[in-house]
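In order of appearance the chains are A, B, C and D, and numbering begins at 1 in each one.
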Amino acid sequence: MRIAVLGCGRIGRVHADSVAASARAELAWVFDPVESSAREVGERYGAAWATDVETVLGAPDVDAVVVASPTPTHVDLLTRAVRWGRTVLCEKPIDLDIARVDACRADLGDLTAKVMLGFNRRFDPSFAEVRHRVAAREIGKLEQLTIISRDPTPPPAEYVAVSGGLFRDMMIHDLDMARFFLGEVVAVSAQGANLVSTVFRDAGDVDGAVVTLKSADGRLATITNSRRCAYGYDQRLEAFGELGALSAANQHRTSVSFSGAAVTGAEGPVLNFFLDRYAPAYRAELEAFVTMTETGSPASPGFDDGRAALLLADAAALSLRSGAVVEVRG
Amino acid sequence: MRIAVLGCGRIGRVHADSVAASARAELAWVFDPVESSAREVGERYGAAWATDVETVLGAPDVDAVVVASPTPTHVDLLTRAVRWGRTVLCEKPIDLDIARVDACRADLGDLTAKVMLGFNRRFDPSFAEVRHRVAAREIGKLEQLTIISRDPTPPPAEYVAVSGGLFRDMMIHDLDMARFFLGEVVAVSAQGANLVSTVFRDAGDVDGAVVTLKSADGRLATITNSRRCAYGYDQRLEAFGELGALSAANQHRTSVSFSGAAVTGAEGPVLNFFLDRYAPAYRAELEAFVTMTETGSPASPGFDDGRAALLLADAAALSLRSGAVVEVRG
Amino acid sequence: MRIAVLGCGRIGRVHADSVAASARAELAWVFDPVESSAREVGERYGAAWATDVETVLGAPDVDAVVVASPTPTHVDLLTRAVRWGRTVLCEKPIDLDIARVDACRADLGDLTAKVMLGFNRRFDPSFAEVRHRVAAREIGKLEQLTIISRDPTPPPAEYVAVSGGLFRDMMIHDLDMARFFLGEVVAVSAQGANLVSTVFRDAGDVDGAVVTLKSADGRLATITNSRRCAYGYDQRLEAFGELGALSAANQHRTSVSFSGAAVTGAEGPVLNFFLDRYAPAYRAELEAFVTMTETGSPASPGFDDGRAALLLADAAALSLRSGAVVEVRG
Amino acid sequence: MRIAVLGCGRIGRVHADSVAASARAELAWVFDPVESSAREVGERYGAAWATDVETVLGAPDVDAVVVASPTPTHVDLLTRAVRWGRTVLCEKPIDLDIARVDACRADLGDLTAKVMLGFNRRFDPSFAEVRHRVAAREIGKLEQLTIISRDPTPPPAEYVAVSGGLFRDMMIHDLDMARFFLGEVVAVSAQGANLVSTVFRDAGDVDGAVVTLKSADGRLATITNSRRCAYGYDQRLEAFGELGALSAANQHRTSVSFSGAAVTGAEGPVLNFFLDRYAPAYRAELEAFVTMTETGSPASPGFDDGRAALLLADAAALSLRSGAVVEVRG
């Protein structure tokens, strides 16, 4: 299978690397408007490269497309790729504006089944194991889900300004994770904080938040986010049910611990960078994309998962402003 | 110091035992309207016993009183004991009705300083250590507090009916703990669930809940409660701040773990019964009460802490009904 | 049951405290040749006290005797107490000289069944749980036992000089623990080190050692000792068998851990003092002694367990000198 | 850099994969006398393949050679490769017979500096971190080293017969690890057991063993081995010194744990297969080999490390037979 990657920034390079590492796929083309980026990635992996997307989207020998370009271009590129007959793995979010997402959805119709959304955490081996064991009823019926998700360091101010805000930019991953476990969510309430950096307040954004979700069948989830975490990339999840709990703990580079006069059992910082923490997830995600392309099965997570997570992010933002629980209807 | 314990039920016996174990106090009197209970406890510890409270409240040789009788009697008994010149350690809650609490407060005036509230968890060595180290700025400024608190098994239906509901009966401990860390809380939002037992639904109560609190200075806390937990008495807390996090984990009877074909590092169930889990806390609480009585210093936690926790519980109950954040004013 | 404690030094006070705390026993008498010690302990617990042991050993109202005096007096005192018709809980070791132990054994004959040896660690809840679960075949047949045992700080030089050496003074507890799990030990090999303090070398002693034991049925145990440990009183054990392993980890005062920029999951120092670490063990040991006295059942651990551990210590010392495996015959 | 891999069995494939994955090396040739193996590996990685080693050892475009053939062929192949001017990464052991090793050493002289020994565990990120932090004096002077190393399942009987025995085949890795930490070892004592399978006894071998080592400067190490472990590949190490301890714990595929009615904090089995557990070690080892080849620096671990570990294995086997500490002289 020959794959094109659109966008050679940080996340585009992650996908290019996953394609190159796959025994089942080949990196055919890369695109980036910045020539040095496109050339660098293309040459590293022996792929053709272009600075105009038309060249790539017109190439005859491409089976599938990864959209890893800036968010405002997602709708256009995924639409063109899908209409061109390719499957698409699109980075989240589809768009920051739900109206554009809905228009795209109406436009594509059944073709949305060809669009897989880049919610990479669903493919994290630990989270996926918890999900699998919950589905196997190890904890009986799931009742409460606790997600803690904190970034090591805040993004730069210029990014914050165009990020869409904490809920759409950062928490959207956790909102999707909650849906992954709970299914349909019907109520969202949010509280926010500005304790980390004035950059967020200046942008009208929060830098910490707690969101509570209620599923259609009455189960509860909480998500706690912070834009800064001293001990690394804090990515934890706990599923609680009638028969017990399944937890996914933070991860370390090694299994070394130190005991001395002041501390015992002290491990090192947790994996600090999303590419370290989620490297296996990105690889597994790409493999699932290859399989979906090969088999023609509907994408999962799909376009509607991307849309639903955005609806929850919008609801959280609204709840923060209104001080009320926001009811969500798909 | 000679102490009287009013009420010889389960919690009264805990206090009687703590008094007997203290090198600084002596169990002088016990009271319970049920003769067999009063006699049993009195004889076990070599204390005088009575089935009418007047006898105890009139005894000349009593320095301090522990009120461990049913909740509806708290206001009356603590008031009489305080007016009689004794210090009081009163089990939570002061009353289920904030109006009665306020009336009592108005009635007692400065005498409320003689009333210590039985928020035993403040004296738990692990929670107290986290509080102490937070105060010592080990994590810089505290920003987010996560409390998970689950009972091993639901109480009987007859208790549920008169409990005052999950927020006033169970979460009140966690609400006090949040205040212990955050100080003044100004906003409360709640979501609830009925997943454990129909007993709660039938009583108009929830059996699981998530509450989010915001402090006057913008910090966030979440409390997750469930009325049932398969692996024991789930009592955890995590304080997160600029420089890191301090966590208090669940506790086990021994430090034994098992590794075999199916699991590794498997410890036993966590301490299952509140008396096991909080035995050292009850002892330390009693010692603090003795010290307060000896020194004449104001009670801490005091009457107003009991009132404030009840206000938060009421706010949570209101938020659950209204679907809106409830602002709290002391 | 009325109990006399002979010796009011550190360990005597531990036993006096356990007797006082027991609901089934009463501290009747204490003895110490140093009047201030005898009086202090006697007055603290409301017991009679004496500076001549004859007064105590002649008191009519004593059911059982705890021998907690200096090691050279053990044989004499336990012999007199047993001949006087009392049961005895004797601190380890019976004596440093196996010849004296054997003579005592020949002298007492069946009366040795009245002598319980103070191997308190057998009563530690964690070690006892491992033993119980091993006996219940949770790990199938036990094959390998790993004991790590390190003291927080070296004893003073004057103690080292009369201690009998690391094997008889310190490792004897671990040798008994090995026997507790393995039964009869038939081969002992030892290697030693002098790395901690010149005090030990000057006394002709080692300050660290590794001993390997082989049981009659071919199972192996290792014991690692050090006279100094920076992170506290290192007391661990791991039993390995066909179906897995059971481990007893070190223990902490609280369940608090810290995560920050440099470390994560860092707990505090392990319990640092043997009285903290083994407080529940001493209590349980005393209760077992009370039960043995009440029921008339043979002591366990008994005189012959004390003798057997000393034989292993002697064998270890011999192996260290000879550089050869020493075969042991009971 | 172009690398040839001699031997396409299990371990040869590991090295072929590491070469293929390296950005700095290319798999030029593979050799195996079994055509199907040679072809399969060659075709998988796009390398030339041969069933006669002369073809590979005569190929002009090879910079370095990995010897991953059966042990009896190691000396011949490494000698030819080194004389041919290539650097060699040779799997352990050099040979089972120290006389052949010594003859090879005499034969090669300074050329032994071109031979790196495949003690992959030195490159394990966790063990390497402990080593690095010990060297940085985090625990002060190292005093005691505890290595526990257990295989998941016994090898087949036909392998046992030619393995050279537990000490030369299995423990040799741990003996090298002890040398990695302690430097020169001067005394070895061993005890063995036959508890796992009659296969070992029938072959005159043990299936469990404990070895104690003493370094030239008086430090102690213990190694505990078993040929079978229910919970996976048990690979742990603890370095203890004046200021504390550094431990490398077992590793798991995910960070998931389960808590329920019977167990809490239960993780899954530890990584069960040496290729999973040591995959990063093999990759890092290959990179070190590439660097050594590029820079011309002496191999580390080198030929003499391989010889020294074999000397210790021989000493352990002798100690097991003789029942005495065996003194080792390099």
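Convention: a residue touches a chain if its C-beta (ideal position, glycine included) is under 8 Å from a C-beta of that chain, and two chains touch if they have at least 3 such contacts.
According to UniProt, the chain labels map to these proteins: A, B, C, D = Inositol 2-dehydrogenase.
Note that the structure is predicted; figures quoted are calculated from it, not measured.
Shared contacts of chain C and chain D, meaning chains that touch the two of them, come down to A, B.
The chain pair with more C-beta contacts between its two chains, of A-B and B-C, is A-B. Ranked by distance of CA centroids from chain A, the top chain is C. As a whole-number value, the distance joining the C-alpha centres of chain A and chain C reads 58 Å.
Once the centre of each chain is set as its mean CA position, chain B and chain C turn out to be 40 Å apart.
The set of chain A residues that touch two or more partner chains comprises 139, 230-231, 243-245, 250, 257-261. By the touch criterion given at the top, residues 230-232, 250, 252, 257-270 of chain C touch chain A in their complex.
Residues of chain B that touch chain C in their complex: 125-126, 129-130, 133, 138-139, 243-251, 253-261. Chain contact summary for the complex, chain A toward chain B: residues 139, 141, 143-144, 146, 148, 150, 187, 189, 191, 193-196, 208-210, 212, 214, 218-220, 222, 224, 226, 228-231, 240, 242-245, 323-325.
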